[in-house]
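After this come two complexes, each holding chain A, first together with chain B and then together with chain C.
Up next, the complex of A and B:
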């Protein structure tokens, strides 16, 4: 068969050009289907990326270290009293880009009118810079300059709920290490905004030293948040950290933010499902085109067999026709997808759905994010399923009895 | 190939049909296209199959060419029984031994006249230079000089039939099966083609079997087999 490849290829390529309108329509179906798949997947990936990034930026970081049982019971008693030297060493490795130590305990904040349950977070302002959202989200008042500054920073929504204002005093209350209620009056020095309304309602920030003082923690901390080089590939760093601190609870962000992680996993699976649906639709288009082309040419296939072409060579001819359509359509589809992603680089404004989107932590603008394995998957699926769907028409083309096929009226 | 296959691809052209019947089924109705036909055609024969429409001429031609299978009976090309071969083996037998001329030309529309003529040689593995030379030679012989690069759609019916004849004989087959080869030709062109075929028959011992209504073809034929209702009614 290989020796006849050149004549088979000539027949296939000329047959593709034989009915230009039909071929163009098939090419459009393949190219727009593929381009649509890639562009939509890049928007979905952009959405995922933003969600993951916002989750990480929120306060989570890529990796968190706590005392054992802290995540089940974030009480002052579950604090880290001393950082093991081995862990200190690993945290200074090049894989770790940023580190922030925090005190984080549940408590109550009271104004003269209202009181709310919140999470009191003691932070070192310099460490938070570039690690979490808080350093860049204080839009009214000021952020802390030092790790022992006075004052409290609260979210805008909480400010409303407490019916108080910047510059006024509130009382922060929690349970200290002696299981006594400890409270302190502090002045609101800053108000932060967050894309998550729940964050604005449920987090208040003190300087770490003031928080430790309030709770009687001395130098103890509740958590260490780390940012690594690659948030998607944490495993090696995570296992290094875990082995250097066997008595501490070291977890990646996906293990902490389980809901977001599940959401991203579902989205990844949904994308594959979406790819398959689109490619199956494309395959139907290819099968339809091939069947039309085959039934128009039954006499021709009979005649080719009469002249000595083997059934497998006829199958091969039809498969090459399909492959040519897929390859050309795929090439155009990839160019269209590059253009599409480029045109959407400035983002799609979904502010019309902003209220609903905010609940899920989705920003008002979605930016496409090109992910190479999605691109490869979409292309391979088009190539594989498109070719697979061509086998049946190709087989049919080779099954006509030559005498019947030749005597058939065109 | 099966046991009865000759080692060489080329077969001697002795054609034998033994008790060959062909029944077409159209729903519950059975149409007997051929009824226990037995004939033998020697190498280098120039044979005409004639008879009214539906007499079984084309069916017999198709069975001899391995384009269809008999309902019963045996068909041999030389000593090779062809009615039991697979589709792929039959295609190889046709490629190596049989040239076809169809009533409706049946050229490949996406190939030029020269490429159509070269097609069978290409499948046979003849090199490009030789293919080209032989194609030009035969097209010139059938009077299509200067039209080599035209596609079938750009040729008249007569010109297309000449291309079909050229394609059938260019690869030096042992047998040429022709179904109404002169049906769309003027008498001058028909005579010209018949002369070419007759000379091939004499010089190269190529066997020609025609299915025809054309008296001119019958005049050229050395043997006239008449069919009626699927049976041979005369063999002269």
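Up next, the complex of A and C:
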């Protein structure tokens, strides 16, 4: 049997080479199909990675801690008045890289001509550095130096809408702890840019001490944002935090940004779907090629059987033929995909559609992101579905009876 | 004897507007207009480029922080009312029979479609507390002295204007109140168009708020009746009265 296998292998490889043009076309179909899937999936992963990263950057962090009910009603009355010592200890663990305390309440900003509803965020500038976008997004004017600095930082779009300018005063207004309207004039000291227009429009930043002063919060805060070592695997840290602060609402970013989370899940599922479609198309190509090759050689198969080759060996022969095509095609496909990803490394600029993309929170440049399990899935699918689909032609090839086959005209 | 005559002369000079600081001048002017309590009837005309409309209202005030305005004409607006108590404002619309608290976000917006904002109604007294005042000019005209006061909001004052300029006559009638943005460009201007005796004293009978940035946009209020220092029940300035006016 083993000896036969090597003969079968030789026969198969010769058959692949017998019609080079046909084989090359099939190889092209397989390799381009595979390379296309891998490149497109890496772009899709790049897109979703950006989305996840931006979401986390966007004042979310990996984990957020709020007072109970804050997320349902972001009101000053739902503030954290005291951080339990146990929680304090957990937050110092090496799992947690960064921590920022914030005051975050809805309010209003008014200029001479307009007024807009915004989210007023009181921040500690040192803590935000490297945790959220704001520290690195102030492109005009200056960022806060201390947690008690005067002034307000607003987005470029809001600046435009309010028809005001840096260095001018606006009035911020919100509801304080006594449920009364508290308002104050503050000078705009900085303007931030964001790739999301909605962020520029809906967030304004005060230093945390000044925000607490405005709202009469004393030292209370609205939220704690944490950055951990791994944003995709939060569970252990999360449960640790939860058990140390039973009275607070501890949530991971996927739980807070449910829409983004769902979007990412859908994208993951869609990729698998997309893989399957491409691979099924490739499989049809393989089946087609094999059938062509088989019907060309009916007499040959009859002859081989007459000479004593068993039907199972004929099946093997055809299967190995297709396997050879798949393996070579897969190999070329992987090389092509590496080249493709490499070529796209500098990113695809979609700034031509920036207007629309900005609204959906997509960056102007998409960078491919190679994800190993997508690569494995794509390869395995091609291998598995490709070989599976060649069983039928192989079985057909073994069903020709010698007498019938030899007496055929072709 | 000479000194006595001098003293006598001094006493006959109208005491008002004499040696007052600009801040006191502004305060007196606001208090003069308000009186301790007041009741006025007036007609408000809103003028725009392509339309114009006139409404009539009654208003009651008490002290500096309580105001009720109720519209009587035209039928479409009759019954609509606004109540200001401290810094809070509510409005009542009879059509939906609902009292709505004016959220702070709306305080900067137009009141009843006019050129007055809710803030102009609610925060008229802020100018006394939240600004620093400077006397720019004194001028004699028509046997009256006119003081021009520049009021600049304090750094942390919840005021969007860059400065305000008031022209106050020596009998505390505000002749002109201008609002400047922070580029010191004039945005809107309140002027007294006609002064007449009413309710026992001289008041600005016709006032006009003009939006300087738009041509032909102004709102004029013509007072037809005014009473000052009258008895007004505290209950007038309540939400229940806002919704359900009755004789008190």
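As a convention for this text, the second predicted complex is superposed on the first by the 407 of 410 C-alpha atoms of A that agree within 3 Å, B and C clash if a C-alpha of one lies under 4 Å from a C-alpha of the other, contacts with A are read in each partner's own complex, and residues count from 1 in each chain.
Here is the rule we use: contacts are C-beta pairs under 8 Å (C-beta built on N, C-alpha and C of every residue); 3 or more make two chains touch, one makes a residue touch a chain.
Predicted model only: the values in this text are computed from it and were never measured.
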Touching partner for A:173 - first (chain B), second (chain C), both, neither: second
Chain B versus chain C as contact partner of A:111, first or second or both or neither: second
Which of chain B and chain C A:388 touches, first, second, both or neither: neither
Which of chain B and chain C A:380 touches, first, second, both or neither: neither
Contacts of A:11 with chain B and chain C, given as first, second, both or neither: first
First, second, both or neither for A:281, with chain B first and chain C second: neither
Residues of chain A at both interfaces, chain B in one complex, chain C in the other: none
Footprint of chain B on chain A - complex, ascending: 3-4, 6-7, 10-11, 14-15, 18, 299-300, 302-312, 398, 401-404, 406-407
Of all residues in chain A, those that touch chain C in their complex: 108, 110-117, 164-165, 168-171, 173-174, 181, 183-187
Chain B - residues contacting chain A, complex: 58-59, 62, 65, 67-69, 87-88, 91-92, 94-96, 100, 102, 104, 106, 108-111, 115, 119-120, 122-125, 167
Touching residues (chain side chain C, partner chain A) in the complex: 87-88, 103-109, 153-162, 179, 181-182, 187
